[in-house]
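Paired with subunit B in one complex and with subunit C in the other, subunit A is shared by the two complexes that follow.
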Partner chain A sequence: MPAPEAAPAPAAPPPADLVNVQIDGVWLKFPKGTRMIEACKQAKKEVPHYCYHPKLSSPGNCRMCLVEMGMPPRPAPGQEPEKDEHGMPKIGWMPRPVIACANTVAEGMGIRTESTLTQEVRKGVMEFLLINHPLDCPICDQAGECRLQEFSVEHGKGESRFREEKVKKPKNVDIGPRVRLDDERCIMCSRCIRFTAEIADAPVLGFTERGSYTTLAVHPGKRLEHNYSLNTVDICPVGALTSNDFRFQQRVWFLTETNSICQGCGRGCNMETHARGDTIYRQTPRENNDVNSNWMCDRGRLDFHFVNSEFRLTDPMVKNQGKHEVTSWKKAIQAVANAAVGVKGEEIAIIASARMTNEELFFVKQLAKILGTENVDVIPRLGEGDNYLSAADKNPNSNGAKLILGSEPGSKLAGITELMSRGRLRVVLALGENLLKCGFERRDLEKIPSLVTLHILANASAELSQIVLPGNAYAEKRGSMINVTGRLQRMDRAVNAPGNARDTWEILRDLVVACGGSNGLHSIEDVFSRLAAEVPAFQGLSFAKIGDLGVPVLETDEKIPLLEREKERKAKGIIVG
Partner chain B sequence: MAIQYISGKEPHAREKRLIFKNIDRVGFTPSIDSFLEDGGYEQLKVALKMEKSAIINEVKASGLRGRGGAGFPTGVKWGFIPPTNTKPVYIICNADESEPGTFKDRYILHQDPHQLLEGMIIACFAVNAKLGYIYIREEFPQAAIIVEKAIAEARAKGFLGKDILGSGFDCELYVHRGAGAYICGEETGLIESLEGKRPYPRIKPPYFPAALGLYMSPTIVNNVESLCHVKHIIQMGGAEYAKLGTPNNTGTRILCVSGDVQKPGYYEVEVGKVTMGEVIDVLCGGMKPGRKLKAIIPGGSSSKVLRADEKFKLKDGREIGIMDIPMDFDTMAACGSMAGSGGVIIMDDSRSMTWVINNLNNFYAHESCGQCTPCREGSLWMKKISDRIVSGEASPDDVDSLESVANQIEGKTICAFGEACSWPTQSFIKKFRDEMKGDCKPELVGEIVSDEGKVAAAGLAA
Partner chain C sequence: MAIITVQRPKLAWHEKAFISTLFKGLKITLSHALRTFLQIAGKKPKVTMEYPEQKWDDQLPDYYRGAPALVTDEHERERCVSCQLCEFICPPKAITITPGEIPSDDPWAKVEKRPKEFEIDMIRCIYCGMCEEVCPEQAIFLRKDYAITGLSRKEMVHDKKRLYEIGGQRVGLVNKWNELK
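The block that comes next holds the complex of A and B.
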């Protein structure tokens, strides 16, 4: 009897396209197409390199990633390939090293990252890179995070046998408003050139001269001035490109990095804030392939100096006979409660900010509820986006404000302004915004009997306010925000707020309590848990679960132009991604 | 009618003039009329009626190996174009003849440009390239003018352009001028230059020109002389052509002999049918009076030097002296050097090897493109060390440093320039170490320290 016809099997998933690769004697499996350098990295055998960058094309020019490589020899016809003790084909090692950055793994390939050949090659390349290098580490900004230093320790020779004159090249070259060039330090890896050409579409950098005299330069009549120029400083593996803003300000080994989120627009570029003590010295992009890749704009990264400003508000103040007097927090909070409690809800307005964290906005909502007002809004900031990362929404947390306050940012401002101009508002709380800079008229603000400003900087609106509450800046707080693509992201405290300024969320909580609300929230984690319980989009999340890279919480159709292009280049195999 | 040559420039009886048939020929001009009178473009007519694959097979059968330096089989190279290719195919004629000691292509371009064009158009037809470029080095301004004129003439006669000779095949050739860089002779550097960029050689893999060449399309890069041979292969048939020369070293090639011989110049011979000794003594009339042979660079400045008294062991067990080496690809490789571009540099006992290597190191330091680290830094370092050796400011251990710098370059670079610049130093030191050390001052051992070294030494002492 013929066997019954088998039912058509469900389409099996294609077998994983894996290849066997031996790295330093251990056989491992990697997806086809994996670059050798990435395979080694996954095998915890980091291969030193200068020119290779996963987000840029691989020219293979530095030669630092040369490794010993082998393949099983093709067996003679009719012959079985010789097997090693693992039953894998025996590897025929090539006499010449190959670059690990641009070559991909293949079935049966062997890689030796620690062999004599590999080590000799690295030593040679290191020596070559140093013979014409000025070795001015003591005064170099890159010292401490310099790849030349790093690999000198691991692969360098103890002494120099170079007895010749070094090549002299231009130093302290002004190539743009924010970036400076020292050609003698340059190792010609071309990362900056590739960044400007491939990512920033502003190919203003190039090499002139040739051989050992090769010199990095801006093209005649051009400047490195686009809004992403400082990324070249980040990816420069040596001290050739330095930031005008940061140079000679601080030794990098004294800096502490804190994970944060850029506040410059709704993109929420992931970044690190570098500080020593309570002073911020620089901000650098932190890789997040769902947000900003490895990059960020110059405007965003340089927008931290206000945190260090001498105009920071350091003490709560209450106006007495037209003059601000420093007071205690307890008295200041009570003064706000005294002014607001008992006033009819429609005579109160709260103008908050989409620069606030979700946790702060949570209390803004609580406060509005307890004061019985529906006059609550944030100030929208629409500007121009670019074709890279910068979003048109210049607020970092418009999505959070919309989600938590439950209304479109800015939708109630006209109404509030109207009430204000008609003198109908008895209490206005300006939380994190300078009202005079947001379209409100001084004559209207002067009609408010109780104007309260919670801000970090002394400004004209604070000057008009009866009560001034000093909050903390983004770099001084922990909290979460939702970017324009709907991603919930977290920021950490890099520095402490000056003087008696306090965490903004705590000030708001104390206001809620003083106005009759209940307490019980003592940490950002607590606040977020409450948010998670109340806001469906946050369901199941905790502050810890947001992680360093954030989680998507809202569906948006917002695309990130720069990332879209990177995806294309990755699909074409031009970059690793 | 017998071909007449300019008096004093007649080919030697041992020569076999195929490519250089019209060089120094009385009454022959670069004009198309001259070429046509001599039967020019007849092979193109033949080829256009052949199957494309048949032409490639003839070239394969001919055993023709590239005359630019690497000696790679031309027909095999043509076969590397991916069969599934849908992009345009390009042919580039590498007329960036810059290898020191080599001066053959220049004569073809100057005196017989149509021979090149005919070979190149046949090659274009064979690989279905509708566009070809002739990349002429900057230092050949006259050649560029002559070749451009030849292209215009060929186009006017219908050998170029649309529907060549009614075959339906369209082809255009253009001259592209270099800007004075040796590295543009490296095929991927040349392609970058042609694309308007700095001539930085590309990494291979993945950028093998036959698959990802000019504008990331399949591209065949052939030397001037190699393309000329194509015409003769069609004329003779691949198998017949392969009877010229010796097995695996077929055809004729032009040797460019320079240096200390009585009659330096160009000599077209069957590959492997003359020995080094015959080149020197028969073709070139021997060494200069009273002089003895000291060393030979047999295939352009990048090839490893051979010492006059060396003995070379061949695969078949024979041991031969320098004068017995047949001028072919394989034996020259077996002797530890290469036939390269055919530039034979003869040096007699009046020559200082220190001076020679310094001269070469100056050239390579000047010509390194600077893209990758070992060559960029190493070539200038080698020059600086050999500068000191020549000027008597070196200690004997500087010779060892020089050798190790070369070792640190070889095999670690993007392109073959790394070998080109390190092989001379390696071979000269290997074979003339005592002479070079003899030019150094033993009393300087440990005395030559750079400022940086002094600082380091001070630190150690403290």
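The block that comes next holds the complex of A and C.
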């Protein structure tokens, strides 16, 4: 390896405009323009808040983040400013609190997040917020992750002094295909209104009525139905907006979150898979400011029900006299090897999937090498992207397939189809794809003497196959993928595969070994290390080094429209970002 | 450390030959025999009952912790809203709840949620009463049934129907979902 050229020393960054701020008695330095709430957060003094969200504008309407603030008084002409024991100007504390979310820090400012005044105002704000809030926590889906519950315990009075009738508002309102509204639970933080207006560009939500009768509603004739509507459910601090899909399915305290990557398109939105036992209940976006910010599309997040499907393949099967018979893994793998070994390379084709992880594709490549075939490709899936997050490439790992298999996805498909229709192929391995849905004709597939399908769901092409191998779905595997912006990301196992289904990479490894290869790879970490040694883009990386947020490995000119707009708004100071 | 020499007790000749100990034992045996004889003759009160023909049920205290069961309110509405707190708190994990939505044509549709299925595995249940204590809707109570038997493991799992049979109706408790709400 040639020694890296000595990079020119980067110009020293201009000294950041720092200001001295005292938070709960401790003097700290923050860049000018930092919001008080963010400064407190960095000082590990979390200020409770509802309406503030770093990715949205700050209207300052919930009043929960009120804190006691003070500035050094302006000295009279000729007067020396008074100094405290740290040598900093003495702070003149204001008699009234200020909101921490919309104000920025200034030189010499003092913030008290735990003083008597701050505690009293929080108690007061909590009492007002709870006046009309129904006590239906046992029913509410938000219970357990409700900010109102949390702050009521931390800062509330614990007892209601309200003896009058609570205001009645519409409950269980159908405002869109995926979101349900309960107006009594709404605390009028307006996060959902700002999300739909500022990020989704579909301003369909707004407040009607006044005072304690203020009601969240959709504009007349409109519905909350755009593809990003479920993000409003995530940012709703209470249970006013709930997901129809997750509604009453499971209490959140039973769910275990696992870091994963959305498989819906090439964007690879970071997400958390929430599961109880071996059942997935929901998926929520995970913050990654280089991929998806705090958001993800509804299509991607709801695309997990097939994992719990009753059509999952649970046992390896071999066709015997036209009927599939359950067999052992050893026999099934051996059956594939018997069919493929000894057959000429030109008579074998491997159709893999760009929905496979890099590690699985690595074994696909090895398998192709051992079988001596050039007919290896993945199925491209081009759809329509949108102006937010969704990418036009609907495969989550097209870049990985290109990098590892070494050819443009779909470039060899025409040749394989041609060979198949002429009946030249004796062995076809369909790995993770339903061939009948990918443009292959049934009459062509019927010509193949040995069709092997590795899939997770029972489908028509699995029915046609001589050998069926049940693999595992994305939520059941560990592995890495490269998204459309060239970022290598990792996903973890949230649930176990059903029945005798096995890890797809293990099946492929066993196939490689059965066909005469040998590799001694026993863990996904080992596989990635081997991959890192062979693929220049992965040099120096290990499975652990990918981290929760991924690392950029490829240069692409793909831009993320939503993030571009967020950067713009951040530069203008509208959002914190 | 001082060493204390312990003297062996000096035993009389009848003690050495176990003769007095033999009579001590006989005395105990005979006194029990006499007591039993007096009971049979009806001279002394009995201290045992002949279960299951005889039972002590009406003397069970109010706080007796028998089988947990679900109750309905005075409108025959099932109190349980399937918040699953009992499932969460249950130390032996005996409770399994499948939550469900109340259909909009139901008279209690405004309650929105109720259990689709509610199962308590009585082989697991330890009768601790945590479920009753944690219930925010006063829907689950430990009743006085203690003889929970079955011929199979499946029979020992009380489903929703059986739980309401055991529980019956409880009136006069806090009712959040009446007409006034």
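Keep this in mind: the second predicted complex is superposed on the first by the 564 of 577 C-alpha atoms of A that agree within 3 Å, B and C clash if a C-alpha of one lies under 4 Å from a C-alpha of the other, contacts with A are read in each partner's own complex, and residues count from 1 in each chain.
In the analysis below, a residue touches a chain if its C-beta (ideal position, glycine included) is under 8 Å from a C-beta of that chain, and two chains touch if they have at least 3 such contacts.
Nothing here was measured: the structure is a model prediction, and the numbers come from that model.
Enquirer: With subunit A superposed, do subunit B and subunit C clash or fit?
Expert: Verdict on subunit A: subunit B and subunit C fit.
Enquirer: Figure out whether A:V233 sits in contact with subunit B (first) or subunit C (second), or with both, or with neither.
Expert: Touch status of A:V233: no partner.
Enquirer: After the superposition on A, what does A:E159 contact: first (subunit B), second (subunit C), both or neither?
Expert: A:E159: touches subunit B, not subunit C.
Enquirer: Between subunit B and subunit C, whom does A:P97 touch in the aligned arrangement: first, second, both, or neither?
Expert: Only subunit B; A:P97 stays clear of subunit C.
Enquirer: Return first, second, both or neither, reflecting whether A:E209 touches subunit B, subunit C, both chains, or no partner chain.
Expert: first
Enquirer: So which one touches more of the residues on subunit A, subunit B or subunit C?
Expert: Partner touching more subunit A residues in the overlay: B.
Enquirer: Give me the angle at the C-alpha centre of subunit A between the C-alpha centres of subunit B and subunit C, rounded to the nearest 10 degrees.
Expert: 90
Enquirer: Please work out whether A:L135 is in contact with subunit B alone, subunit C alone, both, or neither, and reply first, second, both or neither.
Expert: both
Enquirer: Quick check on the superposed model: minimum Cα to Cα separation from subunit B to subunit C, whole Å please.
Expert: Least C-alpha distance: 6 Å.
Enquirer: In the superposed view, which residues of subunit A touch subunit B and also subunit C?
Expert: 135
Enquirer: Which residues of subunit C touch subunit A in the complex?
Expert: Checking each residue of subunit C against subunit A gives 81-85, 87-88, 99-101, 110-113, 136-137, 176.
Enquirer: Enumerate the contact residues on subunit A facing subunit B in the complex.
Expert: 58-64, 66, 95-97, 99, 102-103, 121, 124-125, 127-129, 131-132, 135, 159-167, 187-188, 206-207, 209-214
Enquirer: Which residues of subunit A touch subunit C in their complex?
Expert: The touching residues are 135-139, 143, 171-172, 247-251, 253-254.
Enquirer: Which residues of subunit B touch subunit A once you look at their complex with the stated criterion?
Expert: Those residues of subunit B that touch subunit A are 181, 198, 200, 203, 205-206, 365-374, 376-381, 384-385, 388, 398, 401, 408, 411-414, 448-450, 452-453, 456.
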